[in-house]
Each structure stands twice: as structure tokens, then as C-alpha cells.
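Take this structure, written in C-alpha cells, and hold onto it; I'll ask about it next.
In order of appearance the chains are A, B, C, D, E and F, and numbering begins at 1 in each one.
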């Protein structure tokens, strides 16, 4: 008998999730399209005044990206729960936290990373000055994995329920307020020509912490949620 | 007395505040009492039903 | 030294004993809460003089501040109970945590409403995106998230465990939200709020305030115990002691 | 309880009880599963078979009674890798082919000596369907794909919740053959069924719920 | 094809074929269902039983072959109210009780003479469970609640996709009894099964897929 | 035999859907909470400057309400499809369009109507002047049922797929751009003190049309989606 090694398990899971994402590659485009469309709605709802749009561009893009991630998060474990794969994962003789970390990574790569690529485009559509864009990208690079990790813990908690993504939004909001404040702080500082390293550093520190703690919390949450 | 109720022109704000305080807490206080009654009622119904299940003649 | 303390706690962890204990304590706590509240109201609304700057509007303080304080205190109590429930799987602790959440949410709601009603005459607006106000709103969301998660599970115990976990994660957020005063919002309005510096406060205003704080604490105990009793009836419905109560109470009413 | 064989006991339950909202779902039951045993968990609809299965996977906890795995308490650490579960939900990814699904299982659980994905698919009668997305298989074909996983991974204990449902006569015979071979290899299996169709090999042990 | 009885024919299929992506799922089949018939659709896993059922409900369309309902073409208008379907998904609302579910069915389909929700629940063995949310019932109990709907509504044709799955021995006997009574009342039923367990009354008509 | 009357069928269905909503009354609160949360995010992301918030309040509230409805729409047929109730509904001897109309009405009452109640509160939190609020309410009273009806058709079209709410968002957003433009037009006019009847009248006309056509389109879409 050949018991599976941990690295083989992680690799198999990572490949599986990427393959599945590729098979449904339409779904990868979804968060991006969602962000594009929501951003597009704002000029319609607010009128096309350039100064106003530039003023709010950073905030609107951040909120939009956050909402898109929120929507995508719901699918993190959904299909695995529905088809029983999650139970198979939980019974595997590997550290569950590690496996979940791999899943979160794959999910971030397929759902959130494309948003970072498209965000600058959306921001420029809203007339964000070019010199602010680097701050926006830096903020998103740190904020999106942070949101994915925090969100994963909460999604895991709702795993046993038949609820919609709305409950998730409610639970995630208090956790993402600080993230939004720091990210928006960096962008706003850049917009006023001030240095924007400090809020970015805070985001980085939070991300480092979340990278270590979130997968473990996620595993614990999942065990609680599946215990019925 | 009416001067007391006028609250120096702030009557609306003060009295609505106090009303909200007491109404919310009143609801909060009554809710568990109602719930306890209902839980007991449902429990009695459930006990009656499970008695009906055990009675011979139904399936099992 | 005193090993009766853990013993006592252990006994209280047993649902039927807690049910009876709560049943005894609840009416006393409620009666004392009402007495204290009446005294505080008399002191606050009748005896205390009007504020020289705010006129009579400041009297909202006698409910606003105790409620605000309770909204934070109850979150702490809930988190402690949640921790105990998760780690030692003590059922009573789970129930206490879950039944604290609605009370905390109620006080948070009162704080928001009374603060708004106070803000309108004082600041000219009933809402502003000030750090303290916003963090109180976020606290309400935390409470609602815990309540929502609890009720979204089919199985109550499982829901209680999941929501306890969320409550614990949420407490990490409480200091973060608290420090957001420094990180966010250059238009901080705290100074407006502090018209009554603690050192300036009149004795005639202070004692009703403190009495009202005592009243809200006692009320919390009374409400919590009523809720725990209602909940135990449902979650322990298979046990004989609950069935006995159900049958006994049926006898009272024809 | 056969004291002489107790060294050989894989899973032992003593006065195991499960209550949901304090209503007993299944009563105190005792059983011992040895290597080479096929145990049939019988009970009517609603008697708690699925619930017992989930307890045996370790996903559902109960505080009443005792559960022992190879002499040690029943925790994730002691059972890790020894148990494989096939439930009402088959744990197959519909967008992957049967073969890809098996590769994932192999990565997570490891591989039994001498087994390989194509071989096990053939032995459950899915030759020719290896690369079809599971989505396109019928209910019974999906079940067979899930059964193939049992053959691939090295787990000694199989937990099968209603493996016969949705299978045709051939399929039922297949499950019985797989169970027989597994027992002969020294594995053990717990199988639920409501008795309409069931394991036809040597007299299996029976665990009755709702006696 | 019995010409003499053709007036009595409820459903008739002539050279009915279904292809998915130009692959034939089931071949050209012919059958006629008369009032009082219980027809067993037999076939292995993946032979197209579920597919045929969905065609007979009118939800799935095929252009190959002909399907006739009481002499008229098989459309929604001609079959309206005459057909009731019980599939893999039972069509029960989990948050409602069995009784409330039946009230909805009664509103939508009407009520058979002499039937009432409580009565039919008793006759499927769910007495005592009328007001329990369906969520809390086990797999087999849910199936029984779904079977109760058949008894309540006035439809003459029952389409049952694997009604025996998940049922215990009592449950299987129950389905057979319900089918027998329905036939005696002049109703007709099409039942799929892979032959492991099946209708035990008078010799049923058999429709074989994948001969 | 007593064949069911159409009115009895509609009543039974309406009662069923309201009962289900009541049993899961937490879910009714969800769209409202979601709207509250999304609105709350904007001051964090944009800073608390009162004049700016007042300027964008109308647009933000409209977009937020729209997103909340969008999320709620996903549940319109989801559970009915998952548990097979929809097939039962389609086989009932009643006009499917009528039954679907009843379902949409029940859904609007439980999911969208609460949003109309909470929108004025959110708008004033964003410092919308009190005299603009009536225009906002009028716009929402007409726009939300319109969105529910349009959305229902699209949800029906996606019924056969296992896609997330994202696909829906994608399909619905282009359709709701005109709705947003007219609703925002009314609010903006009110904000500038101009008469705002004209855009509201357009919304009313569109709603009248949708009331007649959407249920039929919905029924047709559903038949197509289930035919596979």
C-alpha cells in the first residue's frame, strides 16, 4: 500500500481545482464582468461629470472588487459540499488546513487575480489619474488575498446551511471594513500626492497573519459546520 | 408639569429616545416568555404525536 | 483553596439545575432593575438640572450611555461564553452566548437610535460617518451576523457552535474598530461629544447615570435568564425534566 | 464479543447512542468489526443508518457511548487513511472524467498496491467510459464510478451507505463481488441496506437498528 | 397492438426515439398504455429510463417517432391534469410539513373524489408525521410523503421514476399496493425499475429499453 | 374528481411561497441587510465628506438596491428547481404564466418591498436632502417590480444551468441600465429642484408593459430551459 504524501495530495487538489475552473472557464470571467458592469452603472446613476467620477473612482473600484469577490466566495465550497467531495477531503489522511489553504489559493488565482488585472482599466474609465494606479494595484494585490482568506473562514462556517450568499455578506462586512479603510487610505493618499506606504504595510502585515491563521480557522470552522 | 414634558423645546428628541428605550426592552423582555410558552406547547404536541406513532395499527 | 467554586460552576452547567437557578434569580433581577431604573429616571428627568449648554436634550445621556456601555459589555460576555462553550463543550455556555446576542443587538440598536436623536439637536444631523458612530453600526452587524448564522442551521447546537466561532472571530475586530478613530476619518467629531468631560460632570447627573447602568446590568441578567429558560425547553425537549414541566404547565391551564 | 479475537478488532462500539435535539435517533448499540468482516446495517427508513455511517466517518460526534478504532479512541488521527466512505452524495466532480476523479482520490488517499485507475474502472464495468465527463453518466454509471474509488485507495474499512440503490442486477452483483474480495483481502466493510437487496456472500454480520 | 381496445388507449408511442447530440439514447420503441395498465419500464443503468419518463411528462421533446395521448397529439393541452410525475427529485418543500405540501398539490392539481390529505398520509404510513417539516424526515419517509400526493390528486396516469429506491420492504409493498389499487380504479401507471425489485401484482406490461 | 380551479391554484401557490418566506424569515431580512452593508461601505471607501456623500447618495442607493434585488432573484426558482417542485408546477393543469406571475409577486413582496422601506433611511444616512426622498421612493416603487419581472425571465432562462448568480447579473445588468437611467434621472431632477414626473411616467409605462409580457416570457423561457 502506498499512503499518499502530503505534497502529492496538495498537488492533486490544486490541479483538480484549476482543471475544474478551466472546464468552466466562463465562470472565471464572471467576477470580472460583474465588476465591469457594476462600475459602468455608476456613470449612469451619477451622471458623467469627470471631476466627480475621478474623485470617487478609487472608492467605487474598491467596493466593486470587494462585492465581486464576495459573490465568488460563495462558490468556494458550494459545489464540493453539494456533490460530497468535501466529505472525501475531510476524510483524507492529510492536514485539512493545508488542503484548504491549497483550495483557497486556487480560488484566489481563478476568481480574484483577474480582478487585479482589470481594476486599473475600470479605474481609468472612471478618470482615475494615472499616478494613482500603482497605489490601487498594490492595495488590491494585498487586499484581495486577505479578503479571500477571511471570507473562506466565514464560508466554511456557513457550509452546513442552505443559506444564500447574503448571510456571508453580513458576516464578512465587519471583517472587511478595516481592509477597505486601509486600501482606500492608500489610494486616497496617492490621489493627494502623499506617501502611501504606511497603509500598504499594514495590509501586508495583516495578510501575513491571515496566511498562517486563516487556513487553520477554516478547517476548524468546517469541522463545526459539518458536524450534523 | 407641561414645562416638564416640553423638555426645554427638546420634547420630541428626549421622549422618543426614552420611548424607544423602553419599547425595545419591553419587546426583548416579552419575547422569551412567549417563546417558552410556544416551545412547551409544541413539545406537548410532539409528545402526543409520538404517542400516536407508537400506538399499534400505524406502521412500524 | 475554595474548591466549591468549580463544583458550583459544574453543577450550574447541568441544564435542569440552571433552569431552576435562572427561574429563581430572574424575578429578583427584574424587580431590582425596574426599581433602579425608576430611581434613575426620577433623578435624571426631574432632579437633575438642565445642562447650561445643551438644555434638556442632554437628558438622553441617561439611556444613551448605559445602552452604549451594555452593547460592548454584552459582546464581551457573549465572547467569553462562546469560548467556554467551544472549548469545553458546555451546553449552558453555548446557550448563554447565543441568547446574549439578541439582547446585545437590542442595546446596540437603542444606542444608535438615541444617539441619532441626540445628534439631531446637537450636531444638526442625525447621522455622520464618525468613527465612533460607525463602529457602533458595525457592532450591530456583528451581532446580526451571529444571530443570522445561529438561525441558519437546522440543528441548534451546531448553529450555536458555528455562531460562537464567529463571535470569537468578531472580537478580533472590536479593537480594530476601536482604533479606526486613528486610522480613518480626519473629520473626527469626538470633541463635540465630549461636552461633558467626566471630571466636569455634576453629582446630580452622575448618580442617575450610574444607577441606570446598574439597572441595565440587572435587566441583562433577567432577560438572559428568561431566554435561556425558553431555549432549554426546546433543546432539552427529549429529557424527562422538560417533559415533566410541559405536562405540569398544561395542568395549570384547562 | 469474542475475547480471543479482540486483537483483531478494527472498530468497536459500546453502547453507542445518538440523539438529535435530545430525541434518541438510534438506541444504545454494541458491535465489533474484525478484519474480514462484512457487516450489514439493517433498519427501516428513518432508523438512523445514515446517521450511524456519518458517526463512523468521524464527521458527526456523539457524546453517548464509546467508539474505538483498533484499541484507540476514535479520532481523526487514529482513523486517518484507514476509512473510505461512499454516501448518498458520491463525491464525484461532474465536470471531470471518471479517470480524473480517480487521480484526485489517489493523490488524497494514496494507492493500493497493484491497483491503477484504468484497471479499477474496467473492473466496475466502466471500460469505454473512462474519459466521459461524469456529468454525462446515468445514475447507475455514476455509482459505479464511485465504487471504483474504493478499489483504488488503500483504506481497510469501507463505509457504504446504500450502495445498492440505483444499481441494476449486474451492479448489485458487482457490489457483492467487490465486498467479497475486500473481505478476502482482510478488509472490513459496513454496508447499510433496508434489506430488500443485500450482500449475498457468506453470512454477513448484521447490525440491526430499531430492532 | 390490440386494435379492438384502441378506444381505451391512454398513451401510445410509435417508433419513439430519443437522441442526444445525435447519439441515440433509446432505440425506436412502441407501446400502448390502456386504462388499468401498470407498465414496467425496465433497462440497465444508463439505458434511458429517466429520459423516457421526462419525455412522457412533456418536459423533454423529441422529433423522432410519435407520441399520442388519448388519440390526440401529446401536448400540454391534451395531457393537462391527467398526468402526475414522481421523479428522482420528489417535489416536496422541505420547510413545509407533509400536510402543507399536500395542500399545495391539491390547489394545483385538484383533489380526487373521496381523498383527503390526512387520509392519504395515513395510508402511506405517515400517521403521526403529518406536521413534521419534511426536512426532518428520512429518505424513505420523504418518498412516502411524495407517494401520498399521487393518491390525493385526480390524475389518471402516474409516471414513477424508480419509486422503489430508498424504500424498505414495507415501503416496496406499499408502492405495489398503491399501484394495484390505482389500476383497479381504471388508472394507468408507468414505472421504471432496473428489475431488482418490482411490481408484484398481476403480470404487468413490460417495456424494455436496451433489449 | 375535482379539477383544481385556477384561482385556487394561484392562492395555494401564493400561500405556499409566503409561508416558506415566513419559515425562513431571516432570509427576508437579507436583501435589506445587504443593501445596508453595501451602502455603509461607501463612506469607508470614499471618506465621510458630507457634500460628496449627498451628491452621490441617489446613485449609490439605486445601484445598491439593484444589486440586492439581483442577488435575491437567484433564489426565485433555485429551490424549486433543486427539489423538483418546478416540474410539479409545470405539469399542473393551470396556465404556467399565471402561476409564475404569482411566484414573482410573492418574491417581490418578500424580497424587494422591504428594500423600498429601508432605502429612504439609507439615503438620509448618506445625507440625501429630505425633499428628494419622495422622488426616490416613487422611483423605487416602480423600478423594483420592473427589475423583478425582467429578472424573472432571465432567471428562467438560466434555470437549467448550474451557474452562479453571476451569469444572471451579467444578463440582467444591460437590461437594467435604462431602468437605472430613468430612476436616477428622477432623483437627480428632484435634487436640482426640477419636476421629476416625466422619468417616473416612463418607468410606469415600462412596468405596465412588463406586467403583461414578462410572465408569459418567463413561462416560455422556463419551458426552453427545462427541455434538456
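Just so it is clear, contacts are C-beta pairs under 8 Å (C-beta built on N, C-alpha and C of every residue); 3 or more make two chains touch, one makes a residue touch a chain.
Per UniProt, the chains are A, F = Heme exporter protein B; B = Heme exporter protein D; C = Heme exporter protein C; D, E = Heme exporter protein A.
Computed from a predicted structure; not experimentally measured.
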Chains touching both chain C and chain F: A
Distance in touch steps, counted as few as possible, from chain B out to chain C: 1
Interface residue overlap between copies chain D and chain E, same or different (over half shared): same
Centre distance in Å when chain A and chain C are each reduced to the mean of their C-alpha atoms: 33
Length of the line joining the C-alpha centres of chain B and chain D, rounded to whole Å: 48
Mean-CA-position distance for chain E and chain C (Å): 56
Shared-contact residues (touching 2 or more other chains) in chain F: 26, 30, 33, 37, 40, 44, 47
Where chain C touches two or more other chains, by residue: 138, 141, 144, 148, 152, 154-155, 184, 234, 237
Residues of chain D engaged with two or more neighbouring chains: 44, 88
Residue numbers on chain F that touch chain C, as the complex places them: 26, 29-30, 33, 37, 40, 43-44, 47-50, 53, 124-125, 127
In the complex with chain F, residue positions of chain C that touch it: 125-130, 134, 137-138, 141, 144, 148, 151-152, 184-187
Interfacial residue positions of chain D with respect to chain A in the complex: 57-61, 80-81, 83-85, 87-96, 100, 103-113, 154
Touch list for chain B against partner chain C, complex: 4, 7-10, 13-14, 16-18, 20-21, 24-25, 27-29, 31-33, 35-36, 39-40, 42-44, 46-47
Sites on chain E touched by chain D in the complex: 43-47, 50, 88, 137-141, 143-144, 162, 164-172, 194-197
